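See the structures that follow.
After this come two complexes, each holding chain A, first together with chain B and then together with chain C.
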Partner chain A sequence: MPYNIAMVSDFFFPQPGGIESHIYQLSTKLIDQGHKVIVITHAYEGRTGVRYLTNGLKVYHVPFLVMFRSATFPTVFSFFPIFRNIVLREAIEIVHGHGTMSSFTHEAILHARTMGLRAVFTDHSLFGFADAGSILTNKLLKFTLSDVDHVICVSHTCKENTVLRASLDPLMVSVIPNAVVAENFRPLSHPGYTADGTAQASGQHNPIPQQVLGPNDTITIVVISRLFYNKGTDLLIAAIPRIIALHPNVRFIIAGSGPKAIDLEQMLERNVLQDRVEMLGPVRHEEVRDVMVRGHIYLHPSLTEAFGTVIVEAASCGLYVVCTQVGGIPEVLPAHMTVFAKPEEDDLVAATGKAIAALRANKVRTEKFHDQVKMMYSWYDVAQRTERVYDGISGALSEADFYGFDAANASSWSASRGRAGVQSFALIDRLKRYYGCGIWAGKLFCLCVVIDYLLFILLEFVAPRENIDIARNWPKKMVNGEKNGEKNGRERSREMRRDTT
Partner chain B sequence: MLTTQPRLRARRPSPTTVEYTVSTTPTPTVALRLLFGLTILLRLTLGIAALLLLYSKWALSPLATPIAESTTASAPALFTNEFIWYTIHHIHSSPLGELATELAERTPLVLLLPSALVVLYAIFLRMHTTESLLVLRGLGIQTSTSANTYLSTATTRFIPTEKIQDIFVNEAFKGFEVRYYLVVVVEGEEDVVVVFPSLLPRRQIVETVWRGVRGCLYEPEMSGKR
Partner chain C sequence: MVPIKAPQPTASTHAHPFGTLKRSSTLPVPQRPDVPHRHLLAPEDAIYQESPPRKQSAAVTRLQKDLRMTTETSTAPDSKAARNRGRSRPKSQNRSTSRRSRATWKKLLWVKQSYPDNYTDQDTFLEHLQRNPRLQPYDFWPLVADSTVIVQHVCSVIIFVVCFVGIFQERVEPVAVVSWGSIATVAGWVVWDRWVGQETATPSRIPIPPKLTSENSKDKLDASAASSMSNLTAVLKENGNMGNTLAVTSGRQSHSASVTSIQSTTSQVNTGTNSPISQPLFKADPHALSPRSALRLSTAKSALLIYFTLLGLSPILKSLTRSTSSDSIWAMSFLLFTINIFFFDYGSLAPPTFSSSSATKNKNIPASLSTNAALMASTVLASRLPSTGQVFSLTLFSIEVFGLFPVFRRYAKQRSWRGHVLLTAILVIGAGGGVGLTLGEGMWPWKSGLLGVLIGALVSGLAMGGCSWWLIGLQKYKNEIHGPWDPARPIIRRQWDDY
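Then we have the complex of A and B:
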């Protein structure tokens, strides 16, 4: 059953980043599945109004004030009129918000529930519990997620974190990891892909020969990350001189920019390592592969990470991965592709040494990594799992199917749940959910929800539904029954006949 | 009741010419015509009342020169300056005029003058907006938007065919909503020309006009591609 889905986030192209590409890739794949997807984000400089991207993905760049790191100022209700207009004209059924730090997401989920739409939230990051900023963010998250149909997290660690932060029922949180476009991250020796995405015939049948490293061959270690504190740049600064001192034939390539870049450069100058460490500065996402294939080992010293897409990309490029054992990283790659280290200097040096030794002994078949990663991660798979979540919340799947048989039997596991497996839209039920948020916060949130509801009723008078034009869907081409029939049937049912003049 | 949602009317005087008019004028019925007549009467009354008040205020001020007795004695011939003064004097000294004088006496000038001006402006406001698009094959298109008041004429703009790069329907944010609109891209100009800019009719109208313009502006291709 095709849905009309609105992806809402403050973060979207042209700004680079993980959430941005996640939304884009997921949307593209969902469109391929026959759904209709639009993206609602705020206006970027030089990027305003309504735009179309590849595949007919429609992007609404809503003109709003940008406050901090491209997140908009939280104006709880001012977004509602325009959001309602977009949702009605596109006939949206499911609102899917992304990113904890995006106020657009929170507002959209609140308004969507008020309007009687299904809401899904995807969390992409880990947060602490102790500092003032986190407490505030967590309270806001708790507010929004008090009344949401389902939550998606990118890793199990992230799920644990989100469940604790927002006091959620773990059953309504799914884990759907990120993915990579494996075709864009192939190793140097890979024969490449033909236009239709399949590997070229020569590569398919003849296995790629193993690269043999001699004892004196240079091993290149690649680091690509934004140079921030939380990405572990300090750890890197401490570890590089020791690794270089221990292993004579090792070079480093470091790409990325950030506030810690100066510290890194100072370290290089102090130790006179300019000839062995190459600093590339910021690289664009499409150039990442070209940097990665120059190395043998990928070093990822991050201190916190919800998923770590970059290590999947590195493994896909055929690099042996050395990474810190934090956050969701241990879930990402199988053991034979990685060497784990504790997030401390000594252990990182030791782990890198282990990785270099393993490569020199030719014990690691890095040339096989690409095909293995390709089997593990694909956006198509992510889209299908997301689709299942949509099915579950809209009632297409039964509660037992979606949440498991145990959950279906225990009738009391979630208070104020309406029909089996589906959150009730009744205002009183919603208020009950919000009221539980805290002694004062609960009442404040209830007030917000009531005002939101009154605003909704006011808008129905001021801007009646029948005065809003229904937008035309992107015309889809008929697929000439070549691949799988089920997919084609779905597309055909959504086929929009293109009017000829 | 006096205005409707924007409605489309197409006129096709010849196969190569078409005019699309979008306006808020409702279909005229007898009742509506009577109502319009009434509004015109109301406007006249309001206008005369405002002018009378202003004149009374002026007559009260020390700067005013009293109207000469000679002109007020007997009715002079029609269509002379004296006759105008005679009429004004009579209205001013009538019971209605006295009421106006009294009112003018009580109202301070700072209040009277702006409100009278606002009323005078308001009675000239047009009730309906009419916007049109005239397409002439081989020549170009002309957009026109009716003026706000009855005092000025419609603004028109002619765009010759060779300057037209494209005509298409687009969507944009306008206030708290997203609207469809028809645009003409003009060669050598930074901004596009929006057709029906003040009414911004609904999608169906915009699409009809777009099809019509595309069909009429260019010669149908002989090769039968389309």
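Then we have the complex of A and C:
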């Protein structure tokens, strides 16, 4: 059954990034599945108002004060009026927030639950527990996720982290990985595609001949990463001279910018490596593939990573991947595509040496990687799995099917703690969940929720639902007969909801 | 952060026979004893073990319904319908078939697994979680013993303040204060010089750098004494730290090499900081003056230089804050002394044992902050005094108390524990008595002084014991969580010629 879904995040296009493209790809595929999806984000410079993207994806750019790294200023309630207006206008049923650092997400989930909507949260990043910033963020996350229907994490490590950070029931956290658009990350020459990059009509293509690498051919190692401390640039700086000294026919291509770029350049100058290390500076996401296909090995020295989409992209381009074994990275790619290293300089050098030796011995069939990655990760699959989550929380899938068999017959505990049940929109149940957040925090959170609820009632009084127009849907490409009936059904359910409130 | 709200399936709950804790703790219906682990088998599998269910028979459905009826009677037909609807979905089809051929769940994202996305594997979930990995439980008495360092410092600050009040109220002769202080300093220096002598005589594994460097810093003191007081002691501290870090760098070499290298580095520091005149003398003609005598000579020289510089500076210091009101000065000096106490480098030991030196190396607050604060406080306090002699006395005394005394205290603690305890006792008595004498304005100064000593001893004893006990009590709240989500610490072998 189709749902009306609102994706909410501070991070969306035109800003480039992982969360941004995740939201876009997921929304597009969900629209293809027949759902209605809108995106709510804050206004970027030169990008305000309502926009339509490809496929009829409607984007609301809400004017809001941007505080730091395009995250909005965390006001608990000020987003509510316009959020309510958008949600009613679009007849939203499920609110899906993305990103821990986005205060829009947190506010939207809180307000959505106040308004009696289903809320889903997707976590894209890992957080520690030690420093003050993490403690604050974790408390905020705990507040928001105290009352959420389901949480999606991008890797199992991310799930463990989120479960610990927000004290969640592990069963209400799903692991749905990111994906890549395989067509955008195809190898340099691949028989599956024509010369201009479009996929050939016939799905099957001839087996690809193995590229044979001579013993003296130059091996190019590609690094594409923002040059930050947590991306392991220090490791890279330490390892590059040693790798180049050990292996004569090896070149580096480094793309990306950041505060560590200057250290990298200093290292190059000190060791006089300018002819063997090419620094490209920042590259756009569309150009990443063109850089990747110039190399044989992708080196990823990151220190923390929830999923690591870039290594999937590299493997899809037919690169052998050398990466540090941190965070969710070990789960992402099979062993024959990767060489893992500990986050240590010596081990990284050794692992790169191993990868070079394996390539020189022609033991790695990198030309097969693209098709294999294409089988592993696709946005279509992600959208289907996300759809199952929507089914589960909205009751289309029975609790037994969704949460496992014996979880279904325990109706007693779902009300006040753990996952949100069907009956749990009652304010007192929500307050019970928030109260458990901490001695002081619990009371504070309860206060916020009560105020939020009063605000909701006030808004119903000041700006009644009847006065808000319902937006017309974007005409779908495929016309099917049941669409009208479906819409009527939705109308009917809205009528009923109006009666109950 | 303690996860409070929901019981967590940490390592301790893994062995629990019935799934996670919350199931057994919150379910009112008694669990059927023959229903196994919920993630491994479904209820119907347990009952019809001889014939694993191909398709759900009517009996199974009825049984399921019965099971369901025990808790939620009303929703049973609904959920059954929902189940049938769900059965038609390809995903759940996969799941039910997977019950027959149990492919083990893997913590991988690239395999298509026949488990639902929210499946939580009880065996591997949070298996890499570490709690309090670096916890070392404290013992009471060692903790009390360690807290003496803090008591010593607080007491020396109190003694200084008491001396100031005495001078300010003209109850104490400033010359007496500074003479006693100087006598004590000289005595301490003699003792310390003997210790250094013993150490160089016995081929000890712990070499001498800090002493030498502190000597050197005195050299620096005299070199730039004219500029400013606070900077000097900063240099003093920096020098001590430099000795430590140098020791760390050489610690990577083999051990026999490390001793010599440390000595070589210290000699480098020596030659670097010594005046260029004394250096060739020291190198060229070793028979004329032994290194230690040269050191003594330079120490005496620097002491004299400080003495005369202060003497020259005192008139300037006296009028330094004339335009500022006294209240601001009291508040400011209180603040500065607080900074001094809180940022004092209690941890680092005098000789750089390798474990402690690594601790001092990655410290982010410089030790010079504390000394600078104290010297500034004493300078502004001294500027309140009316006569040049008083200003001079107080400033010299403050250099002795805040610049030189901590070096001696550290060393004394290292050398003899008994001496350390004795010193602590003397300081506590001195501080308590001083406060008592200052506050007691009656005709029985000795009585109030004695009372002050008693109260001081009592308070410091209670504080030491109480705080230690409190800290131990607080340990049970320690819950440090580490896991694969923490950013890795890169291990980089950095060549020194690189940087």
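Definition applied: the second predicted complex is superposed on the first by the 449 of 501 C-alpha atoms of A that agree within 3 Å, B and C clash if a C-alpha of one lies under 4 Å from a C-alpha of the other, contacts with A are read in each partner's own complex, and residues count from 1 in each chain.
Going forward, a residue touches a chain if its C-beta (ideal position, glycine included) is under 8 Å from a C-beta of that chain, and two chains touch if they have at least 3 such contacts.
On a predicted model such as this, the values are computed, not experimentally measured, just so you know.
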{"item": "Partner chain(s) touched by A:S146 [first = chain B, second = chain C, both, neither]", "value": "second"}
{"item": "First (chain B), second (chain C), both or neither touched by A:L397", "value": "second"}
{"item": "Which superposed partner A:V277 touches (first chain B, second chain C, both, neither)", "value": "neither"}
{"item": "Which of chain B and chain C A:C158 touches, first, second, both or neither", "value": "second"}
{"item": "Contacts of A:V332 with chain B and chain C, given as first, second, both or neither", "value": "second"}
{"item": "Residue contacts on chain A - larger count, chain B or chain C", "value": "C"}
{"item": "Touching partner for A:G49 - first (chain B), second (chain C), both, neither", "value": "first"}
{"item": "A:D469 touches, of chain B and chain C: first, second, both or neither?", "value": "first"}
{"item": "Touching residues on chain B, where the partner in the complex is chain A", "value": "170-173, 176-180, 202-204, 211, 214-215, 226"}
{"item": "Chain C contact footprint on chain A (complex, rising order)", "value": "126-130, 135, 138, 142, 146, 150, 152, 155-158, 160-161, 163-165, 167-177, 230, 232, 234-235, 238, 267, 270, 303-304, 306-307, 324, 326-328, 331-334, 342-346, 376-377, 385, 388-389, 395-413, 417-418, 433, 436-438"}
{"item": "Touch list for chain C against partner chain A, complex", "value": "1, 3-6, 8-9, 19-20, 22-23, 26-29, 35, 38-39, 42-43, 67-68, 70-72, 75, 79, 82-83, 85-86, 89, 91-92, 107-111, 116-118, 120, 125-126, 128-129, 480-494, 498"}
{"item": "Partner chain B, residues of chain A touching it in the complex", "value": "48-50, 60, 62-63, 81-82, 85-86, 89, 463, 468-472, 500-501"}
